[in-house]
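So that you can tell them apart, the chains are marked A, B, C, D and E in the order they are listed, and the count of residues begins at 1 in each.
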């Protein structure tokens, strides 16, 4: 019996070593928890599925950006805190390329009216180019100066697209516009129509309808989340391959000591620029996929806190590990981003609070006379605020207790093959003898 | 002081400052400390905050404001209700929120189920002409009538609440007000905008034997518009309370938008997931624009009490989006008229918050002033919120 | 090397052309003299605040070797501490204690009701400024104990990431305690000096003057403190080599404590003065100021307090002067960032280069 | 009478144990040298005296008082000075400021001590206003030693004082070290220049893989065939 | 004395070398840092296949000369030729491409990479360093094949330096001496033609030092050229056939060890009276 038990434990432990298992297990727990929360809140099946769908969407998008950031920071040691800027470039360019040339109805500004796939490629390329523009002059700076340059760049982008100057402009005689502070409305039809208009898709709609009672538009949203998961997998695969290769090895060396890597014959600038541009392009892609199906976008969406969210996700998962990046995004979204609100709803479901005091002072004063209820109510009323406090505290806590994150301690070997010990007979058969 | 103003003569006769009190405090402080040379100022609903003079530290006697009026047929009834309950005067957009919640509940009762698509078909049957008229104080009777499948014509606190074919209010009224120890309304302008109309179901299933009537609010209780949103949410609760004596249990759920796009999407999504077929919200036009896609794709009726942006009229909403707040198309005209006749201006300039609301209202105002009033628009200057100083913006807006 | 020289040339030429244009424009009347002067005054005041706040950032940056992203929120905290006291002193007995000390989280209590100005309530303002300085110093020390001390010796980047967390938590704690309401803190009636400058007026009011005097006094104070005590040298020694300082017997923890407290005190004072100057306070003005402070510090060269002051003034003035060519406020911040990036391109170690604290 | 007495010391970095059961003793005015292969833990042993490693067990006593767990400035107060192996000057401070830092724990800069350091290393007086970072490697080593001498310690720990010095300076350095010892300061010195060091010292330790291997007088170690073969390069 | 040339007239007389090919030729090299002239028109040559010592007092400019040759610093004047190619002011990675590799005075290992990874890194012409080859399925097959071969070479070199036992250790955990070994092994992985070693034995235990020297001599036999900065005069005398002496940034003397040790200027500037 006991051997059986240890046996299963050992087997479980070896299972746990597989990244796929880890991802599945943690995500299983997340999804199960949220399904249960949905049940507790009295959601119907379609509500629960919808909650999980939204969760998937957020995790997938954050996962993509976090992977791209991991490529920058985790592998190469490039400290990028201008993520929001690159996402903005990707999304805005795509939208401007895709918007119809005729600014009718709610859409105030004209676009180029290009087909969506072309527009997406355009957006990704533009984000990559933005990366190039930052990289060429700035990559030789110290890590922290570089960081400040990137965040300054992101703010320049955000303020630039907000400014009246670019609200409407013409480029080579073509009318374009960022919409300024008003933002852009995506009046180009559902970009996913390429898929949604396929014949097979109608059976998917029927299926979700019979399973969850979804309407066609909800079915589309569900399908979109699934597409995002596929894209995430693709990016994961891409970055995994990138890091486990001689290319990735040079990146790692740059992170460790760039000058020494140069002396070993590596054109480190070349590598850094390549990897920075690649990461920025992926950030642009994530920015596009994040919002291009929404009705519209405003520059507000790209304030610096988006960048910090991504950093928190990366730190949770552990810089340097791709699996960690995906897990970190999952945990960030489930616990820090969406979690507190669901917690509040759950509590509200059980307890009904009276009116809270209006001010902090009003909530603290009664504590002196032993009445903590007003403080609790005030705290609850201000839950949204405390959610951000929680994010900050979580980041500090992680940096204190587990700076390497969940999986960052497990350095992934930077080689295309496992670096195993050569067997002994091999070594004697080789030129081993000549050194003694 | 007269010659001081003359040194930099020229400049607009009237400056329209479009924004919210958050930035307004700083803008007016900068204005009064460095640029006060007799220019008249006009502001829209966003600045309609009786406390502003206190915060600015000036009486602000040169400021005239406009704002959507709660000048519906039953305004007084509503005001009494509100003052009884909360012991304070109802603020801007609270009447619109009351009406939005009331209409959503009535339409739900008429539809007989918590189903957004069915409710969409009942919104106009409840609100538009041809039917018995009910006001804010008569909601219990209105509920009974709706449950019987009758046509009713809700007569709101903010307006008659008739929806046109795009879901905007067909009629709108605006107050002209000044600061005088709070907000003092000095005039009211009423517009007959478009015709009531649009698609609706032919009949109402109604019925009383059913689950809770579910309705939700998605309003800014914190963030930039937090000051505005909190009384709005109170008014919404007041509307739901009016149904206390009926056979229906009202399930009213409120979520906060924080005046933030992501939070709007996230908390609004939770309302959809929880099965609420109607959402009263969101507060600011920007947030509403980004949320409309989500609500309509989930077949949820969204009815905003305070999003006034033009773009929302024609947005792709599959007929699910309504509002009780009038479009800024009208407010721009009112402001232009006030500037021209009341303030006797020949030239105007605007200083507007750089978002959907500010940009559109600025354009509407200047267009109307030039085309309808025959005046001249000088500068339209945008500003970002939360700046430490607005002297540069004021300088440009006030230059000639 | 050559690209740097080329860049220097281009930038220098650009700056020369702009200044030349400004000069000619003023002479031939294209640019209004009073307007340019107003921009310059405004920019100087803004620059003084940035520079004052920048000194602390620069000091902790060089000694602890990390870019502290929470510094902007220290500025905000200090302003709230100080103004709470100013409200208390000015409004003692007229309003509820809680409302006063929380700087009027709800409507009803505000600068104009309490009639706060430097001339009508000088004591309240002095007390507020003092508490803003001292209170923030202690508060920042407390934060160091909680957040940064457990990480001594970690590299700059982990500390930077930690400071982002601290900034987040602090900013929203401010909202939690003080509410997110923007409020006016001073009364409008204020003596001011209006100067007629050929084609218009430039006005300097009593709060502008207070800001200038207080900022210069504080800067001088820090200068003297670092010159006269061995603290300044010890700080430099520490920023050179922490481990060696430790084994030399320099009480490194004590130096770090002083550094935080001086930096925090200056940040708090800068925040207080900024609010006195603008007349409004809100929960994120310090955070919005932070990137400009960084720009100033980097511009001046990290570790140099004179660099920070110089950088602050450069950033402040150029932001405002940029409006001569780019009217409206759309491009002021962009201008500041572009200047910073350009300087980094040409002189990656900042203008005053290297470490020259004190 | 022993001044510094390390017994059964276990220490390392984090979880990694480097030293196990190390004993070291320095008597008053004694000149003790530690030699051993790279990575043996010589520097670690010195750092451990100053509490700069992770303590894992054993006893460190100075003048019969336990000093484990004390902070470096307390230990300096007790009368121990330390010159680390690398990076041992403050590059952006001038030479004189570097020396002043050596006496930081005093309220006043001890002029007499400063003078005596300048007398020992006249080049430092000549260059007292030069930034230490722009001095050559050998000069920096003098600055570092001078700084440690500012408090006139009773025991001085020197980690490879001759590393990286030109031959003439190596000899000069050894002479300086001798002189310091002659002035009554006890010395614990790590040296790779093992033969020379052993020739001059009173006693020597050979440390291997974090453990004591040999302890004997310098000459005895020099003449020990095994030690010569294994650790002194024949 | 007669074999010792003073200053930059060095190229006029052929020293007694075995081969007369010039591997590295430095001519009038200048490097300034602010007011300090660290290298002041230094000129010298290194012959192919030779082992040449570069000595001089602290601060003479030896390391800086290395930095200038290998592109870490850009010289302010003068020229550097390697195997007949002008390599003045090239980037460090180009320098390695030419077959000229240096080690650092203070070892610069990649601390968070294992010894194996450290050694896999430098090999030249790894096609997998092109991103697309590492990612695209078909091209990656070749990359994997290359990696296998490379790994074999790495094990050979580990054995050569007798450090197989630390192969999977993180380089940051090595002792000072082990790091020096790794540093040299890593340089050899590039298969250079000439190695510049900056104080390779400083802080290395004498026993290990002897072993390393044996390795260096073996490598020389295979045709490598060495230029070594070292302060240990015995070592220089025993192992180098030519010595260059730098002083205050310029070349003071050049010649075989015996002539150098008897050169008065050298004695005065560097060796001290008692040699």
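Simple rule for what comes next: contacts are C-beta pairs under 8 Å (C-beta built on N, C-alpha and C of every residue); 3 or more make two chains touch, one makes a residue touch a chain.
This one's a predicted model, so the numbers in the text were calculated from it and none came from an experiment.
Undergrad: By that same contact rule, can you tell me which chains touch subunit B and subunit D alike?
TA: The common neighbours are C.
Undergrad: Would you say D-E or B-C is joined by more C-beta pairs in contact?
TA: Pair with more contacting C-beta pairs, B-C versus D-E: B-C.
Undergrad: Which one of the chains is farthest from subunit D, going by Cα centres?
TA: B
Undergrad: Using mean C-alpha positions as chain centres, tell me how far subunit A is from subunit C in Å, no decimals.
TA: 33
Undergrad: Using mean CA coordinates as chain centres, what's the subunit A-subunit B distance in Å?
TA: 35
Undergrad: Using the average of all C-alpha atoms in each chain as its centre, how far is it in Å between subunit A and subunit E?
TA: The answer is 46 Å.
Undergrad: For subunit C, give me the residues that contact two or more of the other chains.
TA: 180, 328, 330
Undergrad: Where in subunit B do residues touch at least two different other chains?
TA: 222, 382, 384
Undergrad: Which residue numbers or ranges of subunit D touch two or more of the other chains?
TA: none
Undergrad: Using the contact rule from the top, write out all pairs of chains that touch.
TA: Every touching chain pair, ordered by label, is A-B, A-C, A-E, B-C, C-D, D-E.
Undergrad: Which stretch or stretches of subunit D touch subunit E in the complex?
TA: Answer in residue numbers: 16, 36-40, 86, 134-139, 160, 163-172, 192, 194, 229-234.
Undergrad: Any idea which subunit B residues touch subunit C in the complex?
TA: So the residues of subunit B touching subunit C come out as 4, 7-8, 21-23, 25-26, 29, 32-34, 51, 53-58, 222-223, 226-227, 381-384, 386-393, 395-396, 399.
Undergrad: Under the stated contact criterion, what part of subunit A meets subunit E in this complex?
TA: Against subunit E, subunit A makes touches at 238, 241-242, 245-250, 252-253, 255-257, 259-268, 271, 274, 278, 411, 413-417, 419, 421-422, 426-427, 430-432, 434-435.
Undergrad: What does subunit B use to touch subunit A in their complex?
TA: For subunit B paired with subunit A, touching residues are 222, 256, 258, 260-263, 265-267, 269-270, 272-275, 286, 289-294, 296-299, 311-316, 353-356, 358-360, 382, 384.
Undergrad: Could you list, by residue number, the parts of subunit C that touch subunit B in their complex?
TA: Touch list, subunit C to subunit B: 34-35, 38-39, 42, 46, 107-108, 110-113, 180-184, 186-190, 192, 194, 196, 199-201, 203, 205, 274, 278-280, 282, 284-285, 288-289, 320, 323, 327-330, 332.
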